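Down below is the structure, laid out as structure tokens.
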Amino acid sequence: MIRKWVKKGLAASVAATVALGISYGNAVAADPIKIGTFLSVTGPASFLGDPELKTLQIYVDELNAGGGVLGRKLELVHYDVQHDAKKAQTAVKRLIEDDKVDVIIGGSTSGQTMAVIPLMEAAEMPFISLAGAVAIVEPVKKWTFKTPHTDKMACAKIFEDMNKQGIKSIAMISGTGGFGKSMRGQCTALAPAYNIKIVADETYGPKDTDMTPQLTKIKNTDGVQAVLNPGFGQGPAIVTKNFGQLGFKVPMYQSHGVASKKYIDLAGSASEGVRLPAAALLVANKLPDNDPQKAVLVSYMSTYESKTKDAVSTFGGHAYDGLQMVVAAMQRAGGTDKAKVRDEIEKTSGYIGTGGIVHMSATDHLGLDLSAFKMLEIRNGDWSLIK
Amino acid sequence: MTAVLTVEGLTKEFGGVRAVDELGFTISEGAIFSIIGPNGAGKTTLFNLITGVYTPTEGRVFFGGEFIGGKTPYNLADMGLSRTFQNLQIFMNMTAVENVMVGLHRHLDKRIDHALFRIGGMARKEREAREKAAELMAFVGLGQYVNHDAASMSYGALKRLEIARALATGPRLLLLDEPAAGLNPSETGEIDELIRKVSESGVTVALVEHDMHLVMGISDHILVLDYGRKLTEGTAEHVRHDPEVIAAYLGSEAAAVKG
Amino acid sequence: MFSEFLQYLLSGITIGSTYGLVGLGFFIIYNASHVINFAQGEFVMIGGMGTVFMMQAGLPMPVAIIMAILLTIVIGMLLEKLAIEPSRKNASVVTLIIITIGASIFLRGLAQVVWDKDFHTMPAFSGEETIHILGAVIVPQNLWVLGGGGVIVLAIMYFFGRTALGKAMLATAYNPLAAQLVGINIRTTLLWSFGLSGLLGAIAGILVAPITFTSYDIGIMLGLKGFCAVILGGFSHGWAAIVGGIIVGVAESLGAGYISSEYKDAIAFIIILLVLFFMPDGLFGRRGTDRV
Amino acid sequence: MTLKHPSTGGLLILAVIIAILPSILPNNFYMDVAIRIGLNAIVCIGLNLLIGYAGQISLGHAGFVGLGAYGSAILTGEFGWPAIPAMLVTALFVALLAFVLARPVLRLKGHFLAMATLGMGIIISIVLNTEARWTGGPDGMAVQPMMFFEYMVFGEAVWYWIVGAALLIAVWLSLNLIDSPVGRALRAVHGSEVAAEVCGVNTTQYKVKVFVISAVFASVSGSMLAHYGAFVSPEDASFFRSIELVTMVVLGGMASTYGAVVGATILTILPQALARFEDLEHMVFGLILMLTMIFMPKGLVPTLSAKFRRSPVKVEAESEAQGGGAT
């Protein structure tokens, strides 16, 4: 039923487009391959969308400079969707219906991604999401893939490390933004499996400027052996600062949501000793030379940093991985036929990216395991690898 | 003659100042009753107290024999008490005829479902209301302005529009707050005629007015206020010769000249 | 536990004085023009972001601070000159509210383009060494905020009570026509009130930037909370805005500590609704009378 | 009903535009934008009754849109209700809530009213963000498609007609209301509250009524939005959305039903037109808000229609023909 409607709509719109000639972009001799993207370039999640878009732009240019893909140029079509799921829906319709893109990479936040998945599935559009939530790929949706590690994996990685340290009871303080809220849920669900008890569970709003009250409450809770702060943006930096001011004696764990240099800048000296799981990208130069990822990471990092003058973050890396996997899939498929490209993305195996080594399958549209995450600690204002 | 309105010991204080001070009087059915007094004598405050816009500090007001303390202006409108304002309170966001139709409000179909779906004979009722309002406009001499925007009308026309609107509520007692203020002599003459016409139609009229010529000519009964107190009351003849009234007026005029 | 309570209280007072300072900006413009300036939060943002970017450009901190304050004053005056003055004559309250909301969105958009979308921090004025008080802790910057707030309130009280311009502002608000008749230049007075409000906003933004960070959109929440502060305190006294802000801040902090941190932001607005419903002139307001 | 409705002409033109638009729009993306215009316009028509006609500002109406959207989402999703009853019950709940809030809120004036409605909207949005058990929290939640007996209402082509019809009904209801004793009472509240009272209008009661009506318009639009997008998120109820809605009303024209439609149209298309200059979107949006209010505080439609008015005689003839409808 759904498909029938969509097909009818598609047929009608194609006919109308031909008749009226209002389609976007002119038909040139060798049509470019159109890569659609919708990201949170402005608004509260812009620290995700901004590096993601820059990365896509840099590498699309680079691929074009090298002759394009399958002899065709790449064209990046982008819409900013801020922090709004409705805008994401409209942008995706525009990409599919109006721009007629061949593949879509995007969705900086989980909310946006979840809102557009039905559209992608109905339009049979290969889609690589750049958002974290595990719900995007569990259960598997035929046309939807993602590159970032899930929040569930982050919880697992953190709990693993806590187990090693003998930490049994922890306090959580989570942002109420989508990321923090989702990860809080995952960690709460996963904690018993690692024999960890959450004895205090506080939250803070995305625009809060003082988390001292919540942390005071945590500090006065008995038996807290560590504090975990799922969240992204400036919130975790303020939590870290307040945490330092209150003179906690226990370790603090952050999530992969703060995996950018900005966090250390904002939190300042209070961030010393903070632990977090993150992709190896942040410590690219500190990896042993025999690490299979090292070459890719160093290359991406130096390209990104020299072109943008910004510090590299793992978020841009997710976009890089998405683009590379799509391009590889198109090359294997020998064209841009959507079904074939989708099949080839699903067959991605052994792809070495910034997030880890990817092995996709029909039952796993992420293809990363816990080994993709490294446990980092902040020492002397920089990331360092914990063995 | 029956009393339409009776006021007993009415007092209103604003931050310790008595704007109206233990005032008592009666307005008889069918009369043209004028209230005069120097500026600040408490005339408009008195109107606001009678119509429920202000709550009295002390005292009681009876309308048609019924105690009306605590009643809202719209309750009083339903009971047949209507008024105009010293500073025009015209609905500038409407046409002239619509202003008058608001005056008809309490006689109209107020059901919201009838309004939304235009059922229950709403279209017919509306047409009738419009005709009734247009008649009232003709009555006050604004027949040619029916579909004009209120905002585009002259001050003199708006004064009469307000009277038409007040009449539309179907009042027993109509309070006019300075109906001739700001009008030229010929317009004042027209207002004079209009007030007489209203009175003849069976509506009791009470007015606050500064134009002594108008007041003296038209009034059956005059109440003189000074500093919120009753100075005197009676016929025009009586008031004209009251030494206290003369003193108060001369005093205030002398003060005005000096100031 | 007392130290816990004290900590909530201290946190609340600090963050609350920020709200109060923003509220004071609302208070000044309102008292001069009866306009609620929804762009007040953006003044706070411009103060903080301005300082950060001028420091990045290499200016020493004191110079950067002064430049940022001047910039905010100018922007405040431009807002008055270009947007408020042309429409003040016959604009309704709704119109003026929407103009200032438009200005706030515009300034935010401008900051995002001219500066950037990142969060920035600023060095604390006198170090980060924590101070312990009966088991609770604060940082020196908190004292700067409190002290700054106190000094500003005194200055504002002096300004409105003792200076010609201050009295002119009050007179203009009370009765513009009469003010004009006694020779007060209303246009200039309004211009200065926006400038003064910009000054206050900028100072607030600079004082809190080391604690709360700053970014192009930090003004939204601060602006709303500042509005809460001034509504709570009422528009009659300058100090009431600060007290209102502290009440909002402490209520939030205690609410987050003892009730639910998730509903912390809602607490401020629930208080405001209750105050508006039951004492619409604010806690310390004088009741006005409608004239008919 | 047989009588000529004062604004049949405008309604007919709108119907014709709605009827021919799909054959002009090249694809479903444009249809999507058209549907969103319709949904926004429905909220704006209700909001315009409150702001434009009754003169009472609300900076929290997105809250009611959000409640409508989430109400439908939860009743159909969690409780398996059919969509139509869910929509109606949600609207009833929103009406009740609005009714309870209206009395204390609308006693306030000016800035205080702005603050109270703003606070109300923000509290609603915080609740939607926080009660993740029911609302999915900040990431939002998927919504069941609307089922009409056996038939699944899905896709732009169907929704276009549903929203188009709903818009026509909303315009019709609004025009009817304005041109009735109730509508005049509302306008009288705006014109002069004290004069309205003296004319026998219970102003508080009418303010409450219009607040409830506008909340119901918002709720119904929200319900449709939820089913159409198959997704709800708290942004639908955010403070910024409320501002956007008010902007649509004032840009199109206060106290003009068609103005609300025009305002919704412009401000829904604008972000799409500016899509390639995302950084400028906020600046342009803010600038439009300021410039409109400074140079034509009455909004586009009333300002332009005043421009087109010629001699007073002509006006009379015209307004006679239109029955002197909306001003």
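Each chain carries a letter (A, B, C and D) given by its place in the written order, and its residues are counted from 1.
Here is the rule we go by: a contact is a pair of C-beta atoms (placed from the backbone, for glycine too) under 8 Å apart; a residue touches a chain by one contact, two chains touch by 3 or more.
Here the structure is a predicted model, which is why all the values come from computation and not from measurement.
A.B. asks: When you check each chain against subunit A and subunit C, which touch both of them?
C.D. replies: Touches both subunit A and subunit C: D.
A.B. asks: If we define chain centres by averaging CA atoms, which chain lands farthest from subunit C? Would you check?
C.D. replies: Here the answer is chain B, farthest from subunit C.
A.B. asks: Quick one: most central chain, C-alpha centroids?
C.D. replies: Central chain is D.
A.B. asks: Where the CA atoms of subunit A average out and where those of subunit B average out, how many Å apart are those spots?
C.D. replies: Measuring from centre to centre gives 72 Å for this pair.
A.B. asks: What's the distance between the Cα centroids of subunit A and subunit D, rounded to whole Å?
C.D. replies: Once rounded, the distance between the two centres reads 36 Å.
A.B. asks: Centre to centre, by mean C-alpha position, how many angstrom separate subunit C and subunit D?
C.D. replies: Each chain's C-alpha centroid was found; their separation is 32 Å.
A.B. asks: Roughly how far is subunit B from subunit D, going centre to centre by Cα mean, in whole Å?
C.D. replies: Centre separation, subunit B to subunit D: 40 Å.
A.B. asks: Which residues of subunit B are in contact with two or more other chains?
C.D. replies: Residue numbers touching two or more other chains: 53, 85, 89.
A.B. asks: Which parts of subunit A, given as residue numbers and ranges, touch two or more other chains?
C.D. replies: 42, 176
A.B. asks: Among the residues of subunit C, pick out those that touch two or more other chains and give their numbers.
C.D. replies: Residues 112, 220, 262, 265, 292.
A.B. asks: For the complex, which residues does subunit C have touching subunit A?
C.D. replies: Interface residues on subunit C, with respect to subunit A: 1, 4, 7-8, 11-12, 14-15, 18, 112, 117-121, 128, 130, 136-139, 208, 211-213, 215, 217-218, 220-222, 253-254, 256-257, 261-262, 264-265.
A.B. asks: State the interface residues of subunit C toward subunit D in the complex, per the touch definition above.
C.D. replies: 30, 36, 83, 86-87, 90-99, 101-110, 112-113, 220, 224, 227-228, 231, 262-263, 265-266, 269-270, 272-273, 276-277, 280, 292
A.B. asks: Which residues of subunit A touch subunit C in their complex?
C.D. replies: 42, 44, 46-47, 50, 176, 202-205, 207-210, 212-214, 216-217, 220, 233-234, 237-238, 245-247, 262, 265-266, 268-269
A.B. asks: Quick check: in the complex, which residue numbers of subunit B touch subunit D?
C.D. replies: 51-53, 72-74, 77-78, 82-83, 85, 89-95, 97-98, 101-106, 108-110, 112, 114-119, 122-124, 126-127, 129, 147-149, 152, 165-166, 168-169
A.B. asks: Help me check something: in the complex, which residues belonging to subunit D touch subunit C?
C.D. replies: So the residues of subunit D touching subunit C come out as 51, 55, 57, 59, 104-105, 107-112, 114-116, 118-120, 122-123, 126-127, 130, 194, 239, 243, 246-247, 250, 254, 279-290, 293-294, 297.
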